[in-house]
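You will see subunit A twice below: alongside subunit B first, and alongside subunit C after that.
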Partner chain A sequence: MRLAIETHDLCKRFGESQAVKDLSLAVLPNRITAFLGMNGAGKSTTIRMLLGMIRPSNGGGQVLGHNIADPAQSIEIRRNTAYVSEDKRLYNYMTVEQVIRFTSGFFPQWRADLAATLLRRYELPPARRVSRLSKGMRTKLALLLAIARRPKLLILDEPSEGLDPHSVEDLLETLVSESAEGTTVFFSSHQIEEVERISDQVCVLHRGSLVMDTSVDELRESWRQVDIVLPVSPHPGDFELTGVKRIRARGQQLSVVVNGNVEGVVDRARESHAKAIEVTPLCLREIFLQTTKE
Partner chain B sequence: MLWYKAWLETRTRFLIALGGMTALCAWRVFELNREAPSWATLSYHYFVLRSAHELLNMMWLIAVTLLMMGGLLQEKAAGSISFTLSFPESRRRLMSVRIAASLLEAAVLLIVPCAAMYGVACLTSPAHSLTQVLFYLLFLASGGVVFVGTALLASSLVEGTYTAPTVGAGILLLCGNAPKSLAFINPMDFMNLRNHVDATNLVIGPLPWGHVTAYLAIASTLIWTSIRLVETRDL
Partner chain C sequence: MLLRLNDSAGQPRYIQLMQQIRHAIENGALKDGDQLPSIRALAEELVVSPGTIIKAYTGLEMEGVIEVQHGAGVFVSRNRRARRLSERVQAARERVGSLIADLRNEGLLDDEIRRLFEAGLLSSSKARHSNSKP
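For the complex of A and B:
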């Protein structure tokens, strides 16, 4: 199966600063992949490299089978990819109607019916200038322009930012239905609850490096917090086992966050004559905080 | 569609410039005719071409400098560059359409006010030589493309909406105040026909095709450099 996005040791340096470091990413087609990371982790830089806006310092990659470093192939990437940037800035001198007409001209597969439906649903005034739209309305317009072009790949950078809760729900439903129709969705977001609800795959970037690339189901199954009460004050070093991500000790209590090796931690707790052992699943938010903690 | 964008982006500036320049140039000729001494019942060459042509030159240079505002670097400053670069078009084509649209608008800004000047002059006094007007236009256009190229290069080098026109205006000032000894290479002097008219402001001698070719070559180089800069730059 051809990957929708594939990068190999992708690097980007801006002077002395290394924005993206040896990033090897594999995004499966027809799925929703979340691209998470703290501010400045390198998400937007990666996306801009994928779309040919900036050139990689090292490494390379392919989007929909086209080389990201080749300007001619980059045009083919953009022909089949819709991108909504983080700031959702459009042309202030155009009206809503004009920017829709302008965008539709580049895409023969443009869905005029869907654009009209979304225009009504999002309550966007066609005659209003983009400069006079609120941030939420601008976001909706950017989403309309992205979705109506019938892309094979939808790349969204913080798509729900600036939207009210109803619009966020609407957006999430749209993304799920687009994915069901065969569009690959690759999006970054700081709203982890939303990510957890709709994503199939999660990639986490930290300081330019990929620190996690796994399915949401796998995350739910393998990450656990084990709370242990011991008869004496524990020595945290005893629990530094494979898969253990964090150990926190308080008095006779020990809290261990583990990925995959729950049995190993529980066995060690039993060996230490634990008075109580409680294993609880972790939500994506907690897992994200663990993986990106300094 | 890129033409549509270029038009929507520049039409306000362009229409204001066109209206203002046409009105001012026409008014200037009308005023010159009114103020002309009775013995000179408006000599088109002597009065119109000298005085109104210099006015047109000055306004045209300011207008094209303002028209060249915009482009990908200014879009970067305004935040809309990600949207522009998400379209399946090469940067070369994005730039080419913008340059072509600007050149077309610059040509209209040259021809329409000039035609207005000629029209008013014809209405207010006897017939005049159209060939001389065309010569003046040739000088203005071939010297002017250097400033178009300079303004484009400035907008491809510096970000910020008003930085590029400020740089362009600085270059205009420099050329306007260049020493007389440099008049033979100064495009502004060439536009004002400093060395190519007689005492009655008639274009004399063979047309300076060498200068015209040189200025076109300089402008082409500036435009090519601008395109290459934008093509290879991280945006």
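For the complex of A and C:
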């Protein structure tokens, strides 16, 4: 299966600062992949490199099989990829209806029926000027314009930012139906609960580098917190086993965060004559905080 | 059939879905030959990735619980293997139920019982995993 997005050692420097560092991404087609990271982690810079809006300082990549650094191929990338940017730049002087008609002219595959359905579903006022739309409405309009062109790849940068809960729900439902249509969805977000609900795969960027790339199923299955009560204070290092990500000790109590090797931790606790062992699953939020800690 | 996904459970969503569909068949909410929602419809209803539904349906099809008839839809299986499987699950449920009742009688709290099950599964799954994992 050809990857939808593939990068090799992608780097971007802005003067002294390294925004993206040796990033190797592999995004599967027909999936929903979330791209997480704190502000300034390099997510938007990466997306802009993928779309040929800025050039990599080093390394390279392909989107839908086209080279991102080649201006001619970059046009092919943008022809097949719809991008909803963070600022949702739109033609402010036009009305909603005019923007839709104007945009439709650029795309032969434009689906007017879908645009009409979404216009009703999102309750967008057709005659209102874009400049007078609320933030949520702007996002929905940008989403409508992106989806009605039937892209192979949908890239969204912080799509849910500033949306009320109902609008977020509309957005998530739209992404799910687009994925069911066969569109590859790649989106960045700070709303980790939403990401966990709809994504197949999660990539975490931290200080320009990829620190995690895993399926949500695997996350749920393999990350655990093990709380242990021991008869005596443990030796530091006793629980530094394979897969252990964090150890916190307070007197005889020990809290271990582990990825994969839960059995090893539980066994070690038993060997140490633990008085109590409690295993609890971790949610994506906690795992994210763990992997992006300074 | 009302399906619900639990976010706090440390369990992949597709496994939760599989369990709930099996459960619905066992308790009669779904009958042999009943049609299940399409992948797209269920993904939209539950607001989860279609990949999750595909995984769950594929798993259940492999177990013989459901049949995917291409073009026609997804149906609760009428064949014997499925029934045997669900009967086995039903029998296991009764045994687990009576064990839980015993433990409660002995004064254990539900939380403690849950931890015992989890710890028990972990120690027994270790032997199983040590063959496949490096």
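The criterion applied here is as follows: the second predicted complex is superposed on the first by the 293 of 294 C-alpha atoms of A that agree within 3 Å, B and C clash if a C-alpha of one lies under 4 Å from a C-alpha of the other, contacts with A are read in each partner's own complex, and residues count from 1 in each chain.
Here is the rule we use: a residue touches a chain if its C-beta (ideal position, glycine included) is under 8 Å from a C-beta of that chain, and two chains touch if they have at least 3 such contacts.
Keep in mind that what you see is a predicted model, and the values were worked out from it rather than measured.
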| item | value |
| --- | --- |
| Subunit C versus subunit B on the shared subunit A, clash or fit after superposition | fit |
| Touched partner set for A:94, first subunit B, second subunit C, both or neither | first |
| Contacts of A:9 with subunit B and subunit C, given as first, second, both or neither | neither |
| Once both complexes are placed on the shared chain, angle at subunit A toward subunit B and subunit C, C-alpha, multiple of 10 degrees | 150 |
| Contacts of A:85 with subunit B and subunit C, given as first, second, both or neither | first |
| Partner chain(s) touched by A:173 [first = subunit B, second = subunit C, both, neither] | second |
| Partner chain(s) touched by A:51 [first = subunit B, second = subunit C, both, neither] | first |
| Touched partner set for A:71, first subunit B, second subunit C, both or neither | first |
| First (subunit B), second (subunit C), both or neither touched by A:240 | neither |
| First (subunit B), second (subunit C), both or neither touched by A:164 | neither |
| Least C-alpha distance (whole Å) that remains between subunit C and subunit B when both complexes are overlaid | 25 |
| Of subunit C, residues touching subunit A in the complex | 7-14, 39-40, 43-44, 47-52, 55, 115, 118-119, 122-123, 125-126, 129 |
| Of subunit A, residues touching subunit C in the complex | 30-32, 169, 172-173, 176-177, 179-180, 193, 196-200, 216-218, 220-221, 223-224, 262-263, 266-267, 277-283 |
| Footprint of subunit A on subunit B - complex, ascending | 1, 4-5, 8-9, 12, 78-83, 85-91, 231, 234-235 |
| Complex contact set, residues of subunit A against subunit B | 48, 51-55, 71-72, 75-76, 78-79, 81-83, 85, 87, 89-94, 98, 101-103, 105-106, 142 |
